[in-house]
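One chain, chain A, links the two complexes that follow: it is found with chain B in the first and with chain C in the second.
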Partner chain A sequence: MKPAHRLTLFLLMAPAILWLGLLIILPHVEILILSFSQRVAPRVYEFGFGNYLEFFTEPLYWRTFARTAIMSIMVTVITLVLAFPIAMYIARVAQGRVKAMLLLLCLLPFWVSELVRTLGWMMLLRETGIISYLLRMTGLASQPVELLYNDGAVILGLVYGGLLFMIVPLANALESLEPSVVEAGFDLGGSRWTVLRRIVIPHAMPGIVAGSIIVFMLTVGNFATPVLLGGKNGLWFTEQIYAQFITRFNWPQGAAFGILLLLLSSAIVWAGLRLTRQSLGTTLRQA
Partner chain B sequence: MNRPSIVWKLYIAAFYIFLFAPLLVVAIFAFNASPFPSPPWKGFTLEWFVGTGSVFGKPGVLKDPIWLTSIGNSFKIALPVAFLAVLIGTVNAWVLERAEFRGKTVLAMMMLWPLVIPGVVLGISILAFFSRVANGLEDALNADIDMLRPGLPLVILGQLSFILTIATLIIAARLRKFDRSLEEAALDLGASRARVLRTVTLPFLKPALFGAGLVALLMSFENFNTTLMLVGSDPPLPITMYGQMREGATPAINAVSLMLMLGVGGIASIFALTSKAEQ
Partner chain C sequence: MSQSTDLDLVNVTKQFGTHAAVNNVTFSVARGEFFSILGPSGCGKTTLMRMIAGFENPTSGDIRIRDKSMIGVPANRRPVNMVFQSLALFPMMSVGENIAYGLTCRGVGRAEADERATRMLERVGLKGFGERRVTALSGGQRQRVAIARCLVLEPTLVLLDEPLGALDLKLREHMKIELKQLQGQFNTTFAYITHDQSEALVMSDRIAVMNQGRFEQVGSPRELYHNPATPFVASFVGETNRWQGDVASASNGAVTVRLSTGGMLHGRGGVSQGAALSFVRPEAVALAQDAAALSSLPNRFEGRVSAVLFDGAASSLLIETPGFDQPVRAVLPQAGPLAGIEVGEAVHLGWTADAMKVFAA
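What follows is the complex of A and B.
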């Protein structure tokens, strides 16, 4: 390579190196170091595992962590089940303009801010909200019904937020399934259920994996939806990170929580990819 | 399997109602003449958009300095983010598609990372790192460096950290489709490299640059998780909305949401139209 050529290449790579170095790698090295520094006296810190020990010994912390992980898996499964028939309809039944319409209608709500969507759910679910009002008007309830600030509301909001990211990869994967293969399945005497289980689902696997991974990541890392729809009962792990960093100003503890959340999110993504032998690049491109 | 049953059709209908119910509710109650964003319906009003506060005691969005400054802050963040994302994204796309060097696959892989890091973690790591840098510089120079403390510049950097990935992917996808013989033909005809770039390559990339800019603008406008950790005393729109929603807001929040929906819808349709023109 000629020196001039080298210089050009270096200059072109400089923005990428600055970006990844200064905004991704060094900041993560920083919170890793920070997470291993524990306070021994006011303003005096030394190396130690104290922040991680604190996580395992304080029930509130690890329970919130486990709760976030389990509820995120539930949300992912519910989203998958709800989205499958929709994706199937868009990919295999709807034709031409109807198909384009249905897909566009799916996309629209997700171009709008998460806060606006959450506001909508709050207005529907709260004690003074629309559902409670309608229930009283129709005589189904005698007094205001509080539907907000419980796990159901949190799951509802998170599933709603994840749907699009499930439908699009699913529909893409189902699109490429040859109708003749499905017909052959029926001709060979397969029931609807057998065809679905043995032909359609295996074919849609790349889409299922891509959608599930994205929905899981978005759910685990969500902040506004569980806090606003769950209220005091929201108990989401990102809230603990925020509390340590911003409210309690205990950055080392918050950094340790951040690392744990990153590990959880990466572990599930990695496990999902390994189980189904997909690569990150193709998975992200699916979405 | 191609003849949808009635149950399936009903499910699809119910699904779309479910999808739009919250947005419709937000939009409709922006016009409710009541001091609270809840039923019953008390008549139509535009007070929550343009009212001065004489009727309900609280002003509408376009007369309320809190909302107006937040909208302004959102633009102060989104415009630089979109500009930088397109600029740096183009250079990155070039490196990914045109350059040959060792470690390219590693670099390409690393560029995807920001998408799998939770936004909150991106936010705290950038906050912690830049605070350390600021402290170090302060000790060395004996000067206060506000740039690196929570505030607009840090929010811009935080949002760029992952929006750059999206911009790079969009522009690289377009660059991959480019027929390089067009450039060679221009060079053979005696054009300089700079001229080829200006008259052949960039015009080809234009739809992708435009699209990447719009997507960056939208993502910046909507970002909450990363922004929350880096925000100083100038909150952009989502942060203000969050604060109001926790405290209990007036229907002004519905009005601002409706404006946001219309704005986003407008940008999204421009994007849809340009990407259709591209095909």
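What follows is the complex of A and C.
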């Protein structure tokens, strides 16, 4: 390569390198270093694994993480089940303008910030909210019903926030399925269920994997939704990180939790890929 | 309907909006027959096939397979299997799984399905290909998988929608013969659609010529070629000369046509007056160096060779002839004094009245 070319290439890649370096790698290296400094006395820190041990010895922490992980898996599965028929409709039934409209409709909630969206759900679900009011009006409930501050509300909010990120990769994957392949599935005697299980789902697998990873990672790392909709029952792992950084001012502990969140959720994604016999490579290639 | 038919269509019509893609079509296919539907692109062949397979419902009419009406029967319950234009192999499955798919859908056990798939692969000349991905096959091999996938189910009827369209010429010629052999081996009824008249002529027992949603004529390849019933069939099936003119006189099926450019032609047909279309096959045009040799023919002309279209056994000559608005096409003689004829040479040409079909225009 000529030097001029090399310079051009470098300049072209500079934004990407800066982005990766400044915004992703650098802070994480900082956090990683920070997480290994443990407090031995006020304002006195030394190198050690104490912050990590704290996670495993204090039940509140690892239980909160386990709860976060399990609920995130549930949210991912529910999102997938809900998104599949919607994506199917967008990809295979809707045509032209209707298709564009439907995708826009999915996108619309993301016009407002997550905080405002979640507050919207609070309006609906609170004791004096519309749903509670309707339940009383129709006689299904005799007194105001509090629908907020429970796991159901948290899952609802998280599924709502994740739906788009599942629908788009799914619709993408389903779109590339040739209609005649599906017809051949029926023609050779397959029932709807057989065609779905043996043809449609395997074809959509890269989209399913991509969507599930995105939704799972977004959910595990979410903060506003579990805090607002779950209240003090939310118990999301990000709240623990927040508490360490902001409330207790124990940055090294918070940093260790941050690293643990990254590692453990990555491990869950890896296990999920192994279980479904998918590889990240094929997913990225086909998604 | 008679016991020996596998497929009967009765007055089948398919309307898309106001456009009739298939218009009042009636035909029967006998057991074990190789039946082709031949027509130009867009004439409604695929629509017709999709109605038989169960992917479209006819607007009116009845489709019967072995005397059972198929109206309202879903595609996965019909004893018909289709080889799609795009083949539509399952890319997420191996070759063996593709073939076993239909069997497992029917509840055949895994082991037996695999064994039958393996045997079927052997029969179509793909022994040992069971584990391959379908994407790792050549065009001809994919073709055979698509057909084997249907045949393994022993259907009453196999539908083939232009299955050779995607192949290159050489392979297509080869697959034509192979398809015909497979059909004979398995003794299965084939309904084959194509826009390629040579495919239809070579393989079929009977051909239906379709145009704008209607059947123009149904008959054996020879019948269609030698006795076309309509001008469309005459020009669509095989090479032909086609001239437009007016009927000068007609009696008892013998018709004299006057071309606008002056030529008088004698042929046969049912037309008695008005505008007429005349058709003569290139191979029916006799050529000679002197006029005496053609003296027995009612149509005799003299012309000049304007082009030699050499294509081996299918070579032809274009002969600029006074009285005709376009050159007469004749087969290039393969032997004799005229075999070496060159552009610009004069030649005498003629044909019998029987060789010229005249239709009302």
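The rule is short, and it goes like this: the second predicted complex is superposed on the first by the 243 of 287 C-alpha atoms of A that agree within 3 Å, B and C clash if a C-alpha of one lies under 4 Å from a C-alpha of the other, contacts with A are read in each partner's own complex, and residues count from 1 in each chain.
Convention: contacts are C-beta pairs under 8 Å (C-beta built on N, C-alpha and C of every residue); 3 or more make two chains touch, one makes a residue touch a chain.
The structure displayed is predicted, hence computed values, not measured ones.
Once chain A of one complex is fitted onto chain A of the other, the partner contacts of A:16 are limited to chain B, with no touch recorded for chain C. In the superposed model, more residues of chain A are touched by B than by the other of chain B and chain C.
Look at A:99: by the touch rule set out above, it reaches neither chain B nor chain C. When the shared chain is aligned, chain C comes close enough to touch A:203, but chain B does not.
Of the two partner chains placed by the overlay, neither chain B nor chain C lies in contact with A:67. Looking at the shared chain after the overlay, A:190 reaches chain C, while chain B stays out of its contact range.
Using the contact criterion defined above for the overlaid structures, shared-chain residue A:39 touches neither chain B nor chain C, since it reaches no partner.
Looking at chain A, you'll find residues 186 touch chain B in one structure and chain C in the other.
On the side of chain A, the complex with chain B involves touching residues 9, 12-13, 15-16, 19-20, 22-24, 26-28, 30-31, 34, 82, 85-86, 89, 92-93, 102, 104-109, 111-124, 126, 128-130, 133, 160, 163, 179, 182, 186, 192, 195, 217, 220-224, 228, 238, 241-242, 245-246, 251, 254-255, 258, 261-262, 265-266, 269, 280-281, 284. Chain B makes touch with chain A in their complex at residues 1-2, 4, 8, 11-12, 15-16, 18-26, 29, 36-40, 88, 91-92, 94-95, 99, 101, 107-122, 124-130, 132, 157-158, 160-161, 164, 218, 221-222, 224-225, 228-229, 237-238, 241-242, 245-246, 253-254, 257, 260-261, 264-265, 267-268, 272.
Residues 53-55, 74-77, 80-82, 84-86, 88-93, 101-102, 105-106, 149-150, 153 of chain C are the ones touching chain A in the complex.
By the touch criterion given at the top, residues 178, 180-181, 183-191, 194, 198-199, 202-203 of chain A touch chain C in their complex.
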